[in-house]
Structure formats: C-alpha cells, structure tokens
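I am attaching a structure below and will ask some questions about it afterwards.
Should a chain be cited, it is by its letter among A, B, C, D, E and F, assigned in written order, with residues numbered from 1 in that chain.
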Amino acid sequence: MIIQKQFISGLASRKMRIDKRGQDEFRDITIETGVIAKAEGSARVKIGKTEVIAGVKMGVGTPFPDRPDEGVLMIGAEFSPIASPDFEKGPPAEDAIELARVVDRGIRESGAIDMKKLCIKEKEKTWMVFVDIHILNHAGNLIDAAGLASIAALLTAKMPEYDEEAGTVSYEKKHKKLPMKFKPVPITVFKMSDSLFLDPNLEEEDVTSVSLTVTTKDDGNIVALQKGGSQSLSLEEIEKAFELSLKKGAEIRKLLEKHI
Amino acid sequence: MKEFKREDGRKVDELRPVVIKVGVIEQADGSALVSMGKTTAIAAVYGPRSMHPKHKQVSDRAVLQTFYLMAPFSTNERVRPGPSRRSQEISKVTREALEPAVFLDEFPKTGIDVFIDIIQADAGTRTAGINAASVALADAGIPMRDLVAAVAAGRIEEHFVLDLGGKEEEVTKCDIPVAYMPRKKQITLLQMDGDLSPEETKEVIKTAIKGCEILYEKQKQALREKWVR
Amino acid sequence: MIIQKQFISGLASRKMRIDKRGQDEFRDITIETGVIAKAEGSARVKIGKTEVIAGVKMGVGTPFPDRPDEGVLMIGAEFSPIASPDFEKGPPAEDAIELARVVDRGIRESGAIDMKKLCIKEKEKTWMVFVDIHILNHAGNLIDAAGLASIAALLTAKMPEYDEEAGTVSYEKKHKKLPMKFKPVPITVFKMSDSLFLDPNLEEEDVTSVSLTVTTKDDGNIVALQKGGSQSLSLEEIEKAFELSLKKGAEIRKLLEKHI
Amino acid sequence: MKEFKREDGRKVDELRPVVIKVGVIEQADGSALVSMGKTTAIAAVYGPRSMHPKHKQVSDRAVLQTFYLMAPFSTNERVRPGPSRRSQEISKVTREALEPAVFLDEFPKTGIDVFIDIIQADAGTRTAGINAASVALADAGIPMRDLVAAVAAGRIEEHFVLDLGGKEEEVTKCDIPVAYMPRKKQITLLQMDGDLSPEETKEVIKTAIKGCEILYEKQKQALREKWVR
Amino acid sequence: MIIQKQFISGLASRKMRIDKRGQDEFRDITIETGVIAKAEGSARVKIGKTEVIAGVKMGVGTPFPDRPDEGVLMIGAEFSPIASPDFEKGPPAEDAIELARVVDRGIRESGAIDMKKLCIKEKEKTWMVFVDIHILNHAGNLIDAAGLASIAALLTAKMPEYDEEAGTVSYEKKHKKLPMKFKPVPITVFKMSDSLFLDPNLEEEDVTSVSLTVTTKDDGNIVALQKGGSQSLSLEEIEKAFELSLKKGAEIRKLLEKHI
Amino acid sequence: MKEFKREDGRKVDELRPVVIKVGVIEQADGSALVSMGKTTAIAAVYGPRSMHPKHKQVSDRAVLQTFYLMAPFSTNERVRPGPSRRSQEISKVTREALEPAVFLDEFPKTGIDVFIDIIQADAGTRTAGINAASVALADAGIPMRDLVAAVAAGRIEEHFVLDLGGKEEEVTKCDIPVAYMPRKKQITLLQMDGDLSPEETKEVIKTAIKGCEILYEKQKQALREKWVR
C-alpha cells in the first residue's frame, strides 16, 4: 500500500494518473433516472466504479415557523456497509453527515427548488421533500456522485397527490413535476503533489490530503464551497479550482439535461 | 382453480418476474442483486475477515452476521433510517436461514458479514434478501452445503398463491415466507402471519417450496453465467 | 459444560431427558392473574423455574391512519438483568425483540382482541393496549411462558374509564373487560439429536440448534409460526411439530380457562 | 396526635404491611422480594464475578453496581422502558446507600451487581428497593457490616408520619427517604423534597429511623427463615 | 497522589486544611449576572477556581396534564469536557444528572418561582423555563456553585414577550422579571477524618467519602437534602450539617442580594 | 462604498469588537476565550495525552480531535444538548482547519483534544471557535507552523462585508467563513452558503483574509501578554 501511494504521488508530481486520465478528466459517468418504483424521483449515478442512488420521497407536514409559506427540504445520506469494507465498524457518521450537508447546501442555496410553490396552506401544511442518498459502491469522489444523483432525482420527480378532505397522500397518482428552477452541480477538486485534479478514484483519495468542492449553478454562479482534508490551499489554488469546477460543472449539466 | 385471476395476471403458482445479477458491488468479496417484481434486494458479503466486534469471535468457527436495511425511499411512506424492531428481527431470521447452508467451521475466529439493502419494496423483501445473500455468499467463494432459495406463499380465497405481491399481501389469509435448501430438502426459514388450519398451512408451505425450487434453478443459472463469463 | 451437553444429547438420541420428562411433557405450569395492582391486567406464569410477568396497561391515543377505527396494540419485552447471569452485558436485544414480535403476531393475527371495539372516536381517539413482558427468571422456554402470560393478562384485564369531557383516563374505576375473542397459545417444539421435544429447560436449550414456535387458537387454526436457531427442519418435522403444538396448545388453553 | 386518621387506617408511626421473601430468583446468587403495601421490589445479586465493563475494575476492592428499573406496568401511567434521569439518580443513591454496609475490599477486582426491579409502585419504591437489595446481598453470602433498612417519613398536618403511601405522598409537606444501619446507628441514604424547619426535619428523620429499626427485624427474620429451612 | 491524600487526611484530623481555610470557610465567591446576551437570565459563579455558568431560556409550551395551570421548569446540567481532564471519556452522566436534580429540587420545593403566574392559558399554553448549567472549570464543590448560579440567573432573568396572535415569542423585548418568591441556596457539608467541612476543593473531594447537601431558603427552612458518597453519617453529624448549612446559606443569600 | 451603513455602525471591512483571553480554564493544558461582538467561544486543549478511544491511536503522529458544542442558552431558541448534524460537521471542518498548523508528528500515539464551547452565539461561531482553539493550542505549548485566524465575510447589496453580525447573516447574499495561516498565506477552512459569481466570491474570500490578518495580530498580542505576565 505504501509503495502504491508513493507511486501515485510520483505520477501526480508529473501531472499523471495511474489510469492515464488527464487532470480534469472524469471517469465514465452514467446517469439513470426513475430506477426506484416507489420513490417519487430517483437516480442512479455511476462515476467509474462509484455507484450512488438518490431517492426522493414526499409527504405532507407542517412548515417551519420561520418559513411559514415554504416547503421543507431534508437531505440525508447513509453510507451503507454494503459499499465498502471500511464501513465495517459502523458507518462513518462524520463523512456521511458532511456529504449530505454539502449536497443540501448546493441545492438549497441555489434555489434549485421553488420552495414557495410547495406550500399547501401557510403555517399549516406543506410538502416535505426528502432526498435520501444511498451509497452502493464507494470507489472515490462520493460527493460529486451524490450531488449529481440528488439533482437528477429531483429534476425527474413526480409529486404524489394530496387529498385535503381525507388528509392523506395518494402515492398511486403522480403527475406534476416538482417546481425546479436550477441544476446545481458539485465538482470536487483535489490536490496531489501540488497539482490539482478532478474525480479521484479510491487510491487517489488515499494520497490526497486536501480538496475543495465547488458547487455551481446554471448561470455559472457558485452556490456552495467546502474545503475538506487536513491540509491547506493557497488563494491561487482556490481560483484555479473555481475554473476547473465551473467548466466541468457546465459539461455535466449538459449530460444531466439529456435525462430530464 | 384455473379461473382465479391474480391482480397482475399471474397464475397462482407463478413467481413474479425474477432478475438475478451476480457481482454487482465491486468492493465486496461477493454480491448479488435480486429483483422479484418490484422488490429489489442487494446483498454484499465481506469476509471471511477478522471478527468485529472482537469479543464476538468464536474459536472453532466463523461467525455469520447479517444486517437487513431498507433504503428510506424504498416504500410509499419514507422509512426512517436506522434499525427498527422489524429490521432487527429480519436480520436475525435471515442469519438463521443462511447458517444451515454455510460451512462456518472452515474459517475459525473469523467473521462473515452479509449486508442486505432493500432498495425497492413491494412485498417479500426478506425472501428477496435471502435469495440475494445466498448468491452473494456463493459469489464470495464461501463453501456451502447448498444454496438457499426463499419465497413467500399465501392463501387468497380458496387458492394457494405463490410469491405474494404488494396488494396481495393485504388480502391474503396468511403470509408464510419460507427459505429452503432444495438439494437437502431442508427448510431454513419459516414464519407465518395468518389464521389457517394446519392442513392448509402445510399446503401453503408446499406451495412456497415449489417456488423455492424454481428460484434455485435461477440462482444457479445466474452464478453459472458469472463464472463462465 | 461440554460433558453435560454430550450427556443431554446422548439421552435425547434415546428420546430421554435429564429430568425424566416425556418428549411432549411440560414442567409444572402455574398461572396467577391479577398480580400487579396498578396494571389493568397481569399474570405471572411459571413453567418449572422459568418465571414471567406480563402486565397490561391502557391509555388513550390516536388510531393509526391506516386503521382509523381500531385500537392500538403494542407488545414489548424486556429481559431484565435480574433474570439471568447471561444478561449482564446488557439485555440481548435481538432475542427480546423476536420474543415480543412472535407473541404479538399470535395475538394480533388470531384476532384475539376485537380491535374495532377499542375505538373511541374514529380517526381521533382510541384505546391503546400495551402488553409488557417482564422476564423474572430465565430457565428455558421463554416464548411459551411469555405468550401464556400475555394472553392470561389480557383475558383478565379490566379497562379504566375515559372521561371525554376532561380528556383524562381514570385508573381508579375499572369495570369492563377487554373485548376478547380468542386465546392464542404459542408452543415451541425443539429438536435435539433428531428428535422433537417440548418445553426445554436451560440446559436443553443449550444443545438445541433449531426450534419451531407454533401458535394455535381455540379452533385449532395456526396463527403464527417462527422457526428459530441455526439449523434446518424437514417438512415432516414441521408437520410433527404442528401436531405436538396443537395438542399441547389445547391442553394449556384448558388450564388457562380456569383463570378467567 | 392520637385522633389523626391516615387514609388506610394506620397509626402515624405504623408501617404498611411488609412482606419479605428471600431467594425468589433461582438464577441469581442472592435475591429477595420486598413488598411495602402495594409497592413491590425484587432485587437480584450477581457476584462477586469478573468485572464488566472491564475498564471499571478496581485493583483493591470489588465494584458495587446498582441498577434500578421500573416495570412498564408498575404505575398508573405506563413507564417507558429504558433508563430515565430519575432512575439513574436512584441507581446512584441506592448504590451509595448499600456501599457503607458491604466489605468490598474482600473481593478485589470483581464486580457485584445488584439489579432492582420495581414491579408495583405505590410510593417508596427506592426504599423498598434498598430493603430488597440489602437482603439479597446477605442471601448471596456477601459479607456485610450490617443490614441496611430503609423507609421514608413525612409530615402531614402537624403529624410526623411513617412510610408514606401513594396518596400521602401527594399531601405531605416533605418526603424524606432514609436508609439506616441499625447496629451501627449510621444513615446511608438521606434525601428530601419539602419545606420544613430544621427541627421538624430532624423529627421526620427520627421517625424514619424508628421505621428502619422495625424493618431491620423483619429483614433478619426473613433471612433466618430461609437459612433455617 | 496517595501521599497527598494522606497529608490532607492528616491535616483534617486536626481540623486543618491545605489552603489554611477554616472548617466552614468558603474560597472566594464571585457572582456575575447578565453574562450571556441571548439568555433571558444568566450568571457566572466562581468559587475559588471552580467556575459555572447558568443560563435561563424561556419558551411557550403545553402545561403538564397534572398541573394544567402552572409553568414548566426544566433544569439540566452538562459537564462540558472543557472543564476537566477527567471528563475525557464522555461526560459523567450520573454526577451531572444528580447535580441537576438536586438543584432542581431546591428551586422547585422551595416554591422559588411562583409557577401559577407562568401559565398563559390553562391546559393549553404556559411559559416553560429552562435552566441550563454549564460547568466551565471543575475544581470542587460543583453543586453549591451550580445551585448559586441557577438561582442568581433566575432572579435576574427578564421574560421575553409572547404574541398570542402570531403564536410566537419575541426575544427582542424583555421587560418583566420572573415571578420569584424565594432564594434557595444549597450548601454541601463534607466529611474528612471524622470532621465536617464546607466547600471542598478538588483535592479535598478526592479524600471525601461522604457529604450532605442541605438547601435552605430565606426563612431558614430546609427544602432539599441529598447525601452523597459511599460512606455513612450519624444523626449528630446530620444535625451539625444543618447548622453549618443554615448559617452559610444565610451568608451567601446576602451576597446574592447584592446582585438583584 | 463609503456611504453604506452597517447596522452596528461598523465600516464594511471592520471587525466586531474582539476580546481574546488566554488561559481561562485552569484545569486545561491550554485555553482561550474569544469574543467577536456578542459571539463568545471558549476553547480548552487537553493533551498530548494517551489516546482515547485507544483504537484510534496512530503510530507515527498525534491524533487531533475537536468537539464543537453550543451551550443550550447561547441562542434565542434554546439549543437541545447533545451533538447535532450541524455540530458534527463543524467539529470536522474545525479539526481540518487546525490540522495544517499543528506539528502532529512530534507526539506519536497520543491524542490532542480540543473542546470548543460556544457560550454566546450571534453569527460566526465556528470562526470564533477556531480563533479560540488556535490560541489554546499555542497556550498548551503545542508546536505549530503558524496560528490560525478565522472570520467570515459576505456581500450585502454591492458591498463586500467583513465579519457578519447576527442580522447581517440573514440578509447577506453569501456567507463565507475562512480560516487562514497568515505567515504561510494558506487557507485552512473555506465554506460557503450563497449565490455569487466566481469573481465576487474571490473578493469575499479576500475580504475575509484581510480580517484574518487583523485577528492574527490580536491573537499574537494576547499570547504575548500572557507569556510576559
């Protein structure tokens, strides 16, 4: 393992990668939507061997007191022990929490969902949107995969019907789409041997000690940032990361558009 | 019995469409996906590996641990993440359905962990999970006495009905999940919710066993396809 | 311990038991009801040295949305550490959960309680029935003891009064019995050395690797099944287990009738 | 003071009917049941045995652990299973009420576990639990300086009242549970909820001590009966 | 450590202390109120190196069914790991729970707060008062410091306003004081080498095996008692403890009055 | 830009009043209190000491653990005690903001624990916590590459605004907390909630960095004062 780490670092210092990819080159990305019958929306995203499913479920609840005329959005992530031998000793709560919160911020801050349109009756009843991220195979770059799966699931979700009389939700009839406005996409830039790369595989993540996730939306604005890892970044590296993320984010957004 | 029509047009002794894929989780030592109609289970096997938690280690055999989990988006009403009483019971009976098939004494002091994620749920999740787990164990190269195949049967009106679907589960007079080792002719899981005479109960069990025999062939076929590839 | 295990197995292969009982013979059973003053119903069941108390408590709550006109039944079990040196390291959650769920299914599926009669106001207010099983001494065959104690407690329970005006429950006045229709009784058949036996003591449970709990009701129908243990059963053994359980269930039901 | 009538007809300094049974839990090393009126506590002692959890082991004495638990059906309002802040505090003061009586240094590195289940609750559960635990420790053959007897006292109108019952607990001006080693004349538990002058407080404590002395005789009697049998 | 313990015990047997204090002498006490901007009331109490903050927060909730016309009081304590190297392995739940409950009983039983005046609408809406005790530095005698900080925070608290129309609490406007009636003060008497002392520092607590906390109120009545530790007390020692606590409680109450 | 008035009268690039006190927790190996306006964080450092829990020990360096906690009374709405998802994320990013500054390899197999209590919260609690933790680490004598200074910046109307206050946090178009090692010119924490062009985002970051440089001087000053005393 140590030898492999040194090998990967050595390559990186020459801006090379073990699988021959370019610095800003992703592994193959596949997006499938509508993969879970009972979910209002769902998407399976594979980036190389990394595989993530995001599912959207909806229900009716009470709005938050400080946002009485808006919907409620809850994004959670479980690192199923199915996905990695490292998840044996219980799921890594800290990483799962951070992942969900970074994805959440991207969607929330971009205004991707028109939350006001989800309110059924001010102060009393509103749609609640749950996005649950399920990691099926952990082979690196989970945040990008999870963020992409989440927005793909939301973009293709169909709302159930709410029967106000009975106070029940009917999951049989789903017609209307969610009121979506933007497509935020998180791209994580990571640093190996003083160079910046995109889309690390698991071996590369092992030699990475700092990364920056930049979530951009359709108009090129940045809506969320998250530095990760135990090392630091210079301002120049951050600027470079913005560029890389912006460019790749736009590419992936195009890919996404084919599915909606 | 011929004229009874099931909601999805199946015959009384017909399984829902079955999909079995082997080796679906790259990180795992063995894995499988099993779909039965709209129910989909993914199982991954890690092990034999050093036992965790350590105090559960046993000196003369491997310890099999099973973890059954429903994805929050797998059902109409979102499932709260984390173990429930139901999922803990299913984890236990799943483990006891698999144990008779595995040569645990070949790997003393180790642990074999079987994780089962239900990503779509439409009746029969525990049996789908057992089917997937059994194939995943074989895929991991764990020596087994036999594969374990599992399916539920029930009784609707006067019919003995195989592999209940989501709506059938609500109207059946009983729901009997069975896991079975066909070569050994041994039952490794048997549960029942219902209200039925002993004779009828036996008939339902026999119906389930027939279903297990069909599934068994599909399991073997799926493994063969992976191995041959 | 190993020698004792071998001794018990050896006897079993000749269909014999260390305490000389027949294959289908229970240890002494005693049932006492009304043993807990504050409980709506209660029963202490002893089977040999095994001792279990079940207590019924009632309260008023909201019906489940999918059963708006029915009562709510909750059956729980705690393996008090009082009951066994093995419960030292925290109660064995898995076994306690399974026990409670098997007892629950027997009572629920048999329709033992006429749940519709427990509804006070559709969708809004209903009686909630809590059966709590408390293991006092664990000397084998807990499910049968717990199931018997639970149904005995329910059969002898008296309902408190609900004051609709005040919205409070008065536990001082208890007159009416619960609307009971059936008496489900679980009987666990276990296998040692290829023979089937009933009512294992603790030493016998130690050498048992498979069991089948069969819950039957008054009309001889089966209402719940639960295979336990790490070995398997043949169809013939299952049929034999049905017979044993049916016969013994009827006997115990008679015993039970003396107490109601 | 003669004319004051308690709700159940007792005299001010009279205990509720007391039942003490020794050896009620066959599996335990020592056990006892104590009823005081409609309050019933069962205590079981396991140990001295190897300490669990291990990191709590002490090199020069046994560690006494106490676990107080109310059965869900013991009160009018069902008690939610699992520890509460109240039960954790009672476990602590119960342990501290028993520790002065036990020769812990005779069993270095071991653990002595005392489990107390309240199966009926009608005031005075902690003192009933201490009475049961003390007898159970003796029944387990653990060497003790003295038995610990416990009972609460209070003040209703101008009367000092021994062993408050369920309704009396609601009207008393104070509730003072006391645990006492009569031979040593030492107090091992003292708590109070109330509002009373120091002089009156002392009187209530003295009332409780007198009750402890009576209970002490009953404890010894119960142990004698078991030992003689 | 053992030598220090013996030294402290030896001194104590001659009624002397390592820091030369008299038996009933406290370390320096400082009380500061209004130290937390967002809290309705707050106090920082230092007793020697021991430092505790108590904060009062208020909200509107439902009264308890058995006290439909009263406020709700909740007192909690967290032993922040900040406060001691011994809190490393998770906070000592048992001690924190006992501390909070002893402080709670003193305030509750003394009728320090006129709870009836906190009810907004019987059975439906009432003020809830949360007192949270935060230990900042643990250098002995936590209960006395926590009890003093709690009553000081309550005595100086200002209630927020409740807008019945909107059903919201405004924390911007705080005018009215809490309806306070008494000033209960807990004083813990502890025993070393057969003598009684007040206000142990951390080293003294280490050699103490029994203590008695006596909470007295303005009129000299006792409102709460709590014996702590693994040893016992004689009736005479208890009487002596009452005297010590009563006297010191009155002194500290005077100190407290300067801050309100 | 001159005419823009902030709610508390500050200039756009002006910090709230800063208080830094070193050595505020006597029991700790190092400690500091940092107030930024009405936000107050206290940090205590314990260690290097033997690692707990032990299985997290690393053979060639110290393990830095950080625990961020809000006192229940620190905000308008009482904070429920115990970790939340938010506090767990902040604990993680705080640790990652400090790690680049600490020579962890000087203390193999040990643990360095940093506890941060927010006792008053009015925006910027994570950055106040990092400022306090950084000074507390230095106070504990832990060798560091540089101090870490932290502050958030934002954009209100067309202004780049340093050190957002409670109400400003509600109206800003973005909230970017930054932690920075001024001597190394390295960023160790960077997060963002908002919606801003890349260019503007860079400007906000630069605004925050300027604030960090001012804070850095105040941190050094506070440490100097303690050391000189």
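Just so we're on the same page, a residue touches a chain if its C-beta (ideal position, glycine included) is under 8 Å from a C-beta of that chain, and two chains touch if they have at least 3 such contacts.
On a predicted model such as this, the values are computed, not experimentally measured, just so you know.
Novice: Can you give me the shortest step count from chain A to chain F, moving only between touching chains?
Specialist: 1
Novice: Any chains in contact with both chain D and chain E?
Specialist: none
Novice: Quickly list, by label, the chains bordering both chain D and chain F.
Specialist: E
Novice: Could you tell me which chain lies farthest from chain D when each chain's centre is the average position of its Cα atoms?
Specialist: Taking each chain's C-alpha mean as its centre, the farthest from chain D is A.
Novice: Measuring between Cα centroids, what's the chain most distant from chain B?
Specialist: Centre of mass proxy via C-alpha means gives E as farthest from chain B.
Novice: Pick the pair from C-D, D-E or A-B whose contact list overlaps the A-F contact list by over half.
Specialist: D-E
Novice: Taking each chain's centre as the mean position of its Cα atoms, how many Å separate chain C from chain F?
Specialist: Computed value for the inter-centroid distance: 57 Å.
Novice: Would you mind pulling out the distance in Å between where the CA atoms of chain E average out and where those of chain F do?
Specialist: The mean C-alpha positions of chain E and chain F differ by 32 Å.
Novice: Please compute the C-alpha centroid of chain A, do the same for chain E, then give the distance between them in whole Å.
Specialist: Centre-to-centre distance between chain A and chain E: 48 Å.
Novice: Can you trace the ring for me, chain C first, then chain D, and on through the rest?
Specialist: Counting round from chain C, the next being chain D, yields C, D, E, F, A, B.
Novice: Quick one: in the complex, what on chain C touches chain D?
Specialist: Interface residues on the chain C side: 36-39, 42, 49, 51, 53, 55-57, 59, 76, 78, 80-85, 88-89, 130, 132, 134, 136-139, 171.
Novice: Which chain A residues qualify as touching chain F in the complex?
Specialist: 93-94, 97-98, 100-101, 105, 108-111, 212, 217, 220-235, 238-239, 242-243, 246
Novice: With touch defined as at the start, can you tell me which chain D residues reach chain E in the complex?
Specialist: 85-86, 88-89, 91-93, 95-96, 99-100, 176, 181, 184-198, 201-202, 205-206, 209
Novice: Tell me, which parts of chain F touch chain E in their complex?
Specialist: 25-28, 31, 38, 42-44, 46, 49, 52, 67, 69, 71-78, 81, 113, 115, 117, 119-122
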